[in-house]
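Both complexes shown next keep chain A, but they swap its partner, so chain B is in the first and chain C is in the second.
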Partner chain A sequence: MSPLVAGFSSLLDPTVLSCIALGAVLGMLVGAFPGITATMAVALASGFTLTLDPLPGLAVLLTIYVSSNFGDRVPAILVNTPGTPASIATTFDGYAMAQQGKAGLALTSSAFASAVGTFAGLLLLMFAAIPLSRLALQFGPAEMFALVVFGLTMMIGVSGGRVVKGLMAGAFGLLLGAVGRDPITGDLRFTFGLVELSDGVPFIAAIIGLFGIAEVFDQIITHRSGSSAAPITQFGKWFPTRADWRTMLKPLAVGSGVGGVVGVVPATGGDIAGILAWDQARRVSAHPEKFGKGSLEGLTAADTASNATLGGSTTTSLALGIPGDSVMAVMIGSMIVWGIQPGPSLFTRNPELVYSIAGIMIVATLLALGLSLLRMRSVAKLLDLPRHFLWTIILIFCMVGTYAVNNSIFDVGVMLLFGLVGLFMRRFSIPAGPVVLGLLLGKLAESNLRRALEIGGVSNILTSPIAVAILAVSLLALVLPALRAMRQRRRTTPATPVAE
Partner chain B sequence: MAASPPHGSGGPSPVAARPASPVRELIPALAGIAVAAGALALAAEIPEKAGLTSFSPRWWPEGLAFLLLGLSVLHAVLALTRPAAAAERPAAAHRTGVLRLTAMLLSILGYGVLWYYVDFRVSTTVLLIALVYLGGGRGWKALLVFPAIVTATLYLLFGVLLKVPI
Partner chain C sequence: MRPTIIRTASGVLTLAALVTVAGCADRGATVEDAADYPSKDVTLIVPYQAGGASDLAARTLANQMEQHLGTNIIVENRTGGAGSVGLQHLAEAHADGYTIGYLPVETVMLGFQGYDIDPANYDLIGQMVSVPATIAVPADSPYQTLDDLLKAAEEAPGTITVSNSGAGSIWEATTTALGEATGTEFKPVPFDGGAPAVTAAIGGEVDAVIAGISETAPAHAEGQLRVLAVFDEEPSPSLEGVPTAIEEGVDLTMGGWGGIGAPAGLPEEIKQTLEEAFTAAASSEEFTKVITDSGNIPVNVPADEFASFVESEAQNFKALLSDQD
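== the complex of A and B ==
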């Protein structure tokens, strides 16, 4: 029997199928509640699944991993709060679509895009695992630094035309990323003597504060009692039309490509991929001006990419034994306890397991898609809740969820503080996206730049073909939009007299 | 309702086109300058470890602080020199809204203290009653049934299912 057939047929075991169903429900719940990350859920579940055989145990963990990446889109679209960091970019256009009365279309399109992205990532896992992982293994500090620079160029893209304010926010985010231990010497920086800050600003608490809590605070101070201003009460159509599908094709392709590649690179995940794909889709779109204002293309690209990372990160984890993201780090720990050693030899010693894993993720994706389409109407009805209920639910779930990440009251304080920072930024039209980018990429940028410079100075970066190629693409990413804008201005200027 | 700005942004929800005020635009610049100055002062307290590596632990945060300072000054200059244009500005805040938010934050602060002494289920129910009341909810369903259901859900999800020590 071929490994492919053996791997897939092992999924017919009713225990495995039951475990997939359980994992799907848990994963959807985990994703939908802001503050509960997939990493946390997989870590907690691994305590229980270690008593199971490897395959049913993996079925629970992998399905939570997959379906949490569907559930987290719902709060991102309906209340502008990413359920997990992977859905940060979903808020860019998803929430704006919901505000425009297109919540139904946003939720359904997001589910389809997430499914397409996951399948694209799984194709990568099945057919390109080893070659791609070998390429990622060649990434040293110079290449990683170049990749981070590429990521940072997105600050311009997520600034929505407020470039200076966006760059200010990005610099603030990078400064926040410097909080904690120096990545090389281990010296404490900006910790005010607080042990809780020695590992840096708690990321989950910060993003929940900046996005979710700031939104609630803003509504509280601007809401007039008796006003009928319920921004998201119309859901519009639910299923994409043929024209919508045509619109979604290009971002689906962009998202799949970006997500697959980003997923393969160790330590990068759906959050980075979503923002990167959103920006790339904007660059190639015929309507870049609609991005950030409820663009179906933006939503599709972001959700496709963040889900496509699942396959890429599984690929890196299984083929190299290097965790592709934090969830896979937990998963690798469980696999080792089960006696499964991820790494290149896994593909020769136990190839059917690789196909079983891919099979579990395929079934999990189909199940999560089905659940997403079934539950949309009831979930969307959450928006009909009176404001005092909605505010209270979001505040309390964000608080308890944030506490649950590290069992830390300090994190809850950080979340509320970032809520106030986010409120200030909203009141003065400063975009919060660049802060998140800076916070996410700051440590990576600093550590890799310093290592690259320590090893061989600037020439270490400039003599690496991969680093130079990525830096060139970054430069193009910065320069091309400006050139395009100049060209458009030139075109419109001579046209004016003709029009007259 | 007008479309929101890029949201990653977490941009303001309801927006209206109103002329941008140069004075108002100075506030973000001043905030940026204050943060940069604070970061520079704090960076000066980071111990130098000469000889261990070519780069001191200070150089990255100091470089970023100078970058933020430069950008903030640039923003201030642009705000003062560019003519005020119609720009999307967030919906106006109300005094009652600000008072409501302050009261809610104080309630949350009180909750932090209460949670330390009293069981999660009791302290959370009290907080929920306070938040609903401050948000404008009235009646027994809003002030009794809703907090009880939400507290039970939280306890079952976090305390029982996820075994979080609440």
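== the complex of A and C ==
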């Protein structure tokens, strides 16, 4: 255990601790700012941290990474705008809770769930890194395709009971995912001659438009002067009761498991994990009907999972030298310049460093959790502003954040356009979740399927036990609920149709 | 009364803003400007995301150039369209020396891939980084040498799978070029970035990977991959014992590179100032150390030499990329 002690005690250096504090504040701010992602923040910060020693430098970068995954929940819950893609699934139940006057409970539970998720992921990093990294290598194109197909089966889950409309929205998302360069031949598809579309529909602009902007537009057109129904300012109770904790236990476990696995798989991150865990928690929940309508379980599962990916992707990055997600890709670049070569031998060559990294992330989590619990009362003040000021502030923040992604005014236009699309969908009660899922996963499904076929044809997929197993589970996930519903209907046929 | 005041104040502000904008809009480079260049901040456009290898090279160089120019250089990442968005933005900027940009190898490739990019639209300042291509196989692969791999490709053309960082990338082009140079054919498998392509080879999903030296050398050192050859004039110190393709009997040198350019039509004086600052920055110890540590090769190619190199690259890619379709 001496490397563990050595690794942790090297953090007691005041420089390292102050770097963690700096990173925590930066990360929270960056996370809360829609459009600015952890990847961008870490990439920009790495320009400055290269001049530092490795440990203080890593302290800044890793803490930004961790704490931005706390900060991004705040706009997701309060104004339905994911601060970073990792909090897409937070909006499903978090915003609904806020509308029911439970914003306080949503914010604190989300922070606790995020902390539990981070710790669960870090346990993987500290005690199971090497075996897990072998699992990561098993995920080639065929296995990735199967995993993404499993993700796509959740379209029904995130439709919130409106299956036909949900599938229509999902198909729209898949179509949007087809825009851009063909993944194998490089030919341009559906770009209408716009060079900005050749890398596909800008994802962050699309989600900010579909969730945040659409919500603002919706409030503007439905707002009646004089009506003072603003339940969101009533923050309600703050801390989960013992009964709340009990309902959170199962989603915490589901979220930790899903997030850990998704995190280990290279190039997948918190956005996918959050949605996956949300749907898995719904399947095992005693109250699946509440999901998407302000379920504490749904919020907990999503936030636990998206943060559990942090430990998983750090594991892959350190143990294989392969980036576990886009933030780690930047971080590996910095580490190599510092002369730290991530890879299997890091764990035997320099085990103290692995523990130091885990230690930094633990301190960062505790700090971010503290900041989340502290700061939230002041957030309430902001929402006391008259609506028209609040809308303006949200619109400006979303525009600036979206512009900053690529320094592109085109992206801002896309965001506003998706705001209109989202508004239309809301008015006709078409769920937005499946669009995001299609846009996020459609591209991954296509490119990995085509790669798998290039490499070895259909047999490449059929001979992979992992791929076949995941595909079978996907099939079951689709068929079982349908069968169950049919059986239930048969049993209750004599009764009159249930009123909506 | 207050609304009137606000209206008046905002009117004045709008007018002031308009005057300022009008003043800025038509600032071509005049003789006076050239004499006291640089009198304000310089913007350096990087057509790729912050945090990547191009961004690192550009930012590290910018830090050094700032000291020689005595002004701030603000790095601006304009991403999208395989780099063409940023490159187009640079080509359309004023040729006054206040907007310069990072020019990657894609500058000479994109024109043949359906994008509106022409290297003639840029005045070249110098080249500072070189990223030779390497070919590597999984650690447990039966192929011990480049020759083994080529023989396998000869026996069954188009079946040996070689991963690369993406459709249309320099590494995919290298795969095609290797096939053409040796009279064989490989099956390129494009991934979504260099790291996933290398991962696929480590995991044994593909027979080989073609990627930049900074991407394969770490995995080679870890024993996850075996680099068979470097497509460069000389063997690389970071890959000890690995021959060049030329030494293996394949006359092919290829790879990525990066330099600094400006919109075409730069006044001669300003160009000279930039070239001097570039040369000093690219030969600085700080710059060469960061680039070497990142696994790539720092170079310091002056403007005229860089220009003729770009021209020959454009010819090569014209031949290679045009006959694909």
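Note that in this section the second predicted complex is superposed on the first by the 480 of 500 C-alpha atoms of A that agree within 3 Å, B and C clash if a C-alpha of one lies under 4 Å from a C-alpha of the other, contacts with A are read in each partner's own complex, and residues count from 1 in each chain.
Operating definition for what follows: a residue touches a chain if its C-beta (ideal position, glycine included) is under 8 Å from a C-beta of that chain, and two chains touch if they have at least 3 such contacts.
As the structure is a prediction and not an experimental result, all values here were calculated from the model.
> Of the two partner chains, chain B (first) and chain C (second), which one does A:Ile184 touch, if any: first, second, both, or neither?
both
> Taking the superposition on A as described, I'd like to know which of chain B and chain C A:Val400 touches: first, second, both or neither.
A:Val400: touches chain B, not chain C.
> Quick one: classify A:Ser198 as touching chain B (first), chain C (second), both or neither.
After superposing on A, A:Ser198 lies in contact with chain C but is clear of chain B.
> Answer with first, second, both or neither: which of chain B and chain C does A:Val337 touch in the superposed model?
The second partner, chain C, only.
> Between chain B (first) and chain C (second), which does A:Glu454 come into contact with in this model arrangement: first, second, both, or neither?
Touch status of A:Glu454: both partners.
> For A:Leu416 in the superposed arrangement: first (chain B), second (chain C), both or neither?
In the superposition, A:Leu416 contacts chain B only.
> Return the chain, chain B or chain C, that is in touch with more residues of chain A.
Of chain B and chain C, more residues of chain A lie in contact with B.
> Which partner does A:Glu289 contact after superposing on A: first (chain B), second (chain C), both, neither?
Neither: A:Glu289 stays clear of chain B and chain C.
> Where on chain A do the contacts with chain B and the contacts with chain C coincide?
44, 182, 184-185, 187-188, 407, 454
> Touching chain B in the complex: which residues of chain A?
Residue positions touching the partner: 29, 33, 36, 41, 44, 80, 88-89, 91-93, 95-96, 99-100, 158-160, 162, 164-165, 167-168, 171-172, 174-175, 178, 182, 184-185, 187-190, 210-211, 214-215, 217-225, 229, 231, 275, 291-294, 386-389, 391-393, 395-397, 399-401, 403-404, 407, 409, 412-413, 416, 422, 424-433, 436, 446, 450, 453-454.
> For a test of understanding, state which residues of chain A touch chain C in their complex under the given definition.
Touching chain C from chain A are residues 39-40, 42-44, 46-47, 50, 137-141, 181-188, 195-196, 198-199, 266-267, 320-323, 329-330, 333, 336-339, 341-345, 406-408, 447, 451, 454-455.
> Can you name the residues of chain C that touch chain A in the complex?
Per the touch definition, chain C meets chain A at residues 49-53, 55-56, 59, 76-82, 84-85, 88, 113-116, 161, 166-168, 187, 189-193, 195-196, 198-200, 202-203, 205-206, 214, 218-219, 221-222, 224, 290, 293-295.
> Quick check on the complex: what are the chain B residues that touch chain A?
1, 3-14, 24-25, 27-28, 31-32, 35, 39, 42-43, 46-47, 49, 52-55, 57, 60-61, 64-65, 67-68, 71-72, 74-75, 78, 87-94, 96-98, 100-101, 104-105, 108, 112, 124, 127-128, 131-132, 134-137, 142, 146, 150, 154, 157-158, 162-166
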